[in-house]
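Two complexes come next, and they have one chain in common, chain A, joined by chain B in the first and chain C in the second.
Moving on to the complex of A and B:
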């Protein structure tokens, strides 16, 4: 099965923003193992594109602003104390870093690069 | 040592600006790892040739950009990377840190020291891939790069900024020629900086070259870049570009640089290996379609800049290893067409004791004669033609037919010329001594010397000239065409020495 057909199957698996379980099971039972792998990878990719992961040491109401900023994305909040302060936003394959940990990393690399 | 106050100051500055220095990263996930070539999803903003960093600290470079994924070649051991690992782009193209400290060092293609000496201080970052200088910045090759090898300096002179290919089968003395050329650079007041790039060679062979350079006092102005046969193919592929990047650093400072690529056959093999793993379409001899561009973009970076641009030069001596003297194979023909001439070494000449085993008929230097000094040009004028004629006559003479006096004379002269052009390894000569030797034969002054005594005669004559007639040698070192009087003095010197030669 070529890529275009797999993409069509992926598009058909969605009803609005949600996957239709019945359709997915039906597709999975009809296609070969190799195509199933491509289909799953495609679904994963679409899910990744549709969601936004916000990591922060403290989850508070301030972070809810992201829901307004990205109205068409499924926002997932994650608690990550190692970030120290601020937030990290992962949008598919782009990571936006606004954390204190990132600042410290920058200082470290600056020192490593400029002093022996 | 790091100044404590400076660290605190930097920290304070960073804290003050916290929140205003957000960072955007482009990340991806490893899908598969096939022999050092990683396929990864994500990285939608990656660019060709960009450096990427894996979660475990390994680095790689983007080599293919496909619809949904990218291919990355790893620059380190591939074993640690597995499916699902993360990687991110750096926004940097592959580059090497270059400074004067690299002189005398042995490094890998990424600039990491391999010689157990102190860490190399970071200098200027030079990109590995760079567009070669344009025609406006260049000037014609005009300054000679003396190799100290009589046969080359007299018949196939190399100019600074030239690309001269050394081609031949295995064990014909290709590396010996370039090592001699490197050693010979120490005679210059300002030695030409030499970069020896070893690609796909045995580590023991590279160690021998390094030892020899050190022993001959050539290490101080040389840099060795090692990408041995046991290193990843990606490093072997990058090695010559690193050599070029280092050369360009010195070029920017107006210096003259000699880069040796030993050898480009193995470089093409490494590129073929990477391309096949990347599933790029294979062409002739399974090389990818852009194998010509691989070498042309590399060798085009050798240049002689004009005075407005610093006047520096990068001379390239690429080496190609042929199989069974076949110079019509794919890679040899490619590199022959790219370079400004080739020195063709032959196994049968080598086995006959003619060292360097240069095939006179098939070797050529297309631009070097413009850079030859009038001294050596005036002496070696018809040398190449006479030797080429001798080679064809010698083939006929083998049939044992009777020869007329003129042919016999030509044969005899050819034999003598061949003999005088023999030169032991690691003994490059000054131009004045080269001129002395060649003139001694071409003028007929050595016609009564038995051929088997030539080597001894030449060596003792050089010692005699250095001791008794240093002024004549000085006048031959000026580079100017020797006057009638100088030629008479040379003849007198040779005649005088002949009386002493027992």
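Moving on to the complex of A and C:
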């Protein structure tokens, strides 16, 4: 099976913005092992593109505003106390860093690179 | 004639004696005097030659002695010159070696100073970095529960605004 057909199968696996579990199971039972591997990898890639990971030391209602900001994204909230303050937003390949921990890392990196 | 008779001279005998004498003289001259004279002459020539050679040898010897003296004098002069040159050269070599040693020592010292400076800077940098890391770790632990929910929410709002601007 070529890439185009796999892409079509992946597109067919979605109902609106969400993955349909029944369709996925059906497709998985019908295709060969090699194609299944390609199909799963493709699904993972699409899921990654459609997902937005928001990490923050606390989870509160303010985080819901990300859903308004990224309406077509599946938003995953993660609690990470090591970030201290602020939030880290991962949108596929783009990372938005607004954390105190990142500021500390930048300070350390600056000291390491510019100390003479 | 009387006197000759009284004297006892016999003219014939005298003549015979003269003839005998002449014969003997001729024989002697022919067979004895000439070879003897020849031998004497040869000997004289040999002696003269020997004397001449001896004189030449003496002159030659004197000349050789003078040459030897001259050669010795020259050799002495040359040896003195060689010794002087060697002394000068040794002084020059010593001076050069001293200069070279001084230069190398200075270079080694400079290298050592530079290395010490580099290592000091490196150590300072490592120390500063360790101190900073320690401070950051301390801050991270100290600030973990330091911020209130309100402050956290405020920072999140600011982050959202910034993302909106970037988007």
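Here is the rule we use: the second predicted complex is superposed on the first by the 115 of 116 C-alpha atoms of A that agree within 3 Å, B and C clash if a C-alpha of one lies under 4 Å from a C-alpha of the other, contacts with A are read in each partner's own complex, and residues count from 1 in each chain.
In this section, contacts are C-beta pairs under 8 Å (C-beta built on N, C-alpha and C of every residue); 3 or more make two chains touch, one makes a residue touch a chain.
Keep in mind that what you see is a predicted model, and the values were worked out from it rather than measured.
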item: First, second, both or neither for A:111, with chain B first and chain C second; value: both
item: Partner chain(s) touched by A:51 [first = chain B, second = chain C, both, neither]; value: neither
item: Which of chain B and chain C A:92 touches, first, second, both or neither; value: first
item: Partner chain in contact with A:82 - chain B first, chain C second, else both or neither; value: second
item: Contacts of A:62 with chain B and chain C, given as first, second, both or neither; value: second
item: Touching partner for A:20 - first (chain B), second (chain C), both, neither; value: neither
item: Partner chain(s) touched by A:102 [first = chain B, second = chain C, both, neither]; value: first
item: Residues of chain A contacting chain B in one complex and chain C in the other; value: 85-86, 96, 98, 100, 104, 107, 111, 115-116
item: Of all residues in chain A, those that touch chain B in their complex; value: 3, 41, 45, 85-86, 90, 92-98, 100, 102-104, 106-107, 110-111, 113, 115-116
item: Touching residues on chain C, where the partner in the complex is chain A; value: 121, 124-125, 128-129, 132-133, 136, 139-140, 143-144, 147, 149, 151-153, 155-160, 162-164, 166-167
item: Complex interface listing, chain B residues touching chain A; value: 1-3, 6-7, 10-11, 14-15, 18-19, 21-28, 41-45, 67-68, 88, 119, 121-122
item: Parts of chain A lying in touch with chain C, wherever the complex brings them together; value: 56-58, 60, 62-63, 65-66, 69, 81-82, 84-87, 89, 96, 98, 100-101, 104-105, 107-108, 111-112, 115-116
